[in-house]
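The next part holds the structures, each set out as structure tokens.
Presented sequentially are two complexes of chain A, the first with chain B as partner and the second with chain C.
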Partner chain A sequence: MPREKIANQLELASRFDEVARAEREVIGALQAYAYGETDVFAIKLALEEALTNAIKHGNNLNPNKRVKLDYEVGPQAVTLKVCDEGQGFRPGDVPDCTADENIERPSGRGVMLMNAYMSEVQFNDKGNCVTMIRRRDN
Partner chain B sequence: MPDAPSRLMIQKDVDVTIIEFIDRNILDEANIQQIGEEITKIIESAGLPKLVISFENVDHLSSAALGTLITINNEVRKKNGQLRLANINKQIFEVFTITKLDKLFQIDKTTADATKKLSS
Partner chain C sequence: MNTLEIQIDERPNAAVAHLRGNASNTEAETLRAALLELGGARYDRVVIDLDAVQFIASMALAELIEFHKVMHKAGGRLRLCGVHDSVADLFKKTRLIEVFPLYDSVDAALEENG
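Right, the complex of A and B next:
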């Protein structure tokens, strides 16, 4: 197991194929600390949702805009920060996708899954950066 | 340009179409879009669509994949058809329960159970 935390900053183009590259690097760090299946599943899902939101809704797939991912993987916790160059949004404005009237809407579940799978999820005031922490489960 | 290779494995059991995914991860937006388009074609070409979607090979899925499943469900219902999901592992099933989509979809333990319920 590494002595120091594994940390890095990645700059991603606003393309979906960049998500897999970022995930591979973060999962590699999780494996170095022997994180279990439950943690890896949760972190991969939350990272996928945050990066996809940043690329699609934040940067509107604009090739001139970048997404920054800062990650820090330690023995007991993982911190992920995803920032885009978009206008930001208010997470409170996303309709409750579990309400009966919204259950058949095909979008709006990403932030909910991030909240469900991470120990802490915090957006900045502008709403273009999200910081997520997951404390080790197994 | 030639079509991209199919992301699905499709079987017929009399009037029931059983769909499995080739990918273990249903995360990537481009793949999800292709999966949606392929299944839409199946629904459009069926008189009364009866579909089973099996998650046998699936380890991960994202909210975009859930969105596509909801769209597929809406398309099936518009044609008075039926859709059942099957073979969902514990971790993926948790995603359905968190989003309460376990209430929207009809979910069976195995493909055989789902097929039996749809067979006329």
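Right, the complex of A and C next:
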């Protein structure tokens, strides 16, 4: 197990294939700390949803805009920060996808999944950066 | 493994789609194309076998919901089976388990009436 936290910043193009590259690197760090399947599933899902939102809704797939991922993996917790170059949004305005009237709506689950699988989720005031923390599942 | 492979197995009045890999957001288009091939009216029942799927994300869920609506409109039924614990937990958290009853096996999903 590493002595120091594993941390890095990645700059991604606004393309979906960049998501897999970022996930590979973060999952590699999780494996170095022997995180279990439940943690890996949760962190991969939250990261995928945050990056997809940033690329698709934040940067509108604009090839001139970038997405930044800062991650820090330690023995007991993982922190992910995803920022795009878009106008931002208000997460409180996203309809509750678990409400009876929204269950069969195809879209709008990304933010809910991030909240459901991470210990803490915090957006900045502009709404173009999200910081997520997951504490290790013991 | 980041690609999603889909194999279609035709049965009498039914089709079984065996998915293998990661049903990530990147792979949602692959899933959409395969489900479009199955159409809404071609089969009374469609079963999606998730036994070899360890991960599913929101855009793939969206494709399943869209296809569920297509099948329902055509008078057919969509069933899911072989769902791993982590994926089943996601269906519970999103309440999609109320839309998609989960079956243990392909045969159980095909046999269930209603």
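By our rule, the second predicted complex is superposed on the first by the 137 of 138 C-alpha atoms of A that agree within 3 Å, B and C clash if a C-alpha of one lies under 4 Å from a C-alpha of the other, contacts with A are read in each partner's own complex, and residues count from 1 in each chain.
The criterion applied here is as follows: a residue touches a chain if its C-beta (ideal position, glycine included) is under 8 Å from a C-beta of that chain, and two chains touch if they have at least 3 such contacts.
Model, not experiment: these values are computed from the prediction.
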Combined model on chain A: chain C and chain B, fit or clash: clash
Contacts of A:Glu48 with chain B and chain C, given as first, second, both or neither: both
Partner chain in contact with A:Phe16 - chain B first, chain C second, else both or neither: both
Touching partner for A:Arg136 - first (chain B), second (chain C), both, neither: neither
Touching partner for A:His57 - first (chain B), second (chain C), both, neither: neither
Shared chain A surface residues [contacts with chain B and with chain C]: 16-17, 19-20, 37-38, 41, 44-45, 48-49, 52, 97-98, 103-107, 109-110, 112-113, 116
Touch list for chain A against partner chain B, complex: 16-17, 19-20, 37-38, 41, 44-45, 48-49, 52, 56, 97-98, 103-110, 112-113, 116
Residues of chain C that touch chain A when the two form their complex: 2, 24-26, 54-55, 57-59, 61-63, 65-66, 68-69, 86, 90, 93-96, 98-99
Complex contacts: residues of chain A adjacent to chain C: 16-17, 19-20, 37-38, 41, 44-45, 48-49, 52, 97-98, 103-107, 109-110, 112-113, 116
Contacting residues of chain B [partner chain A, same complex]: 27-30, 60, 62-64, 66-68, 70-71, 73-74, 91, 95, 98-101, 103-104
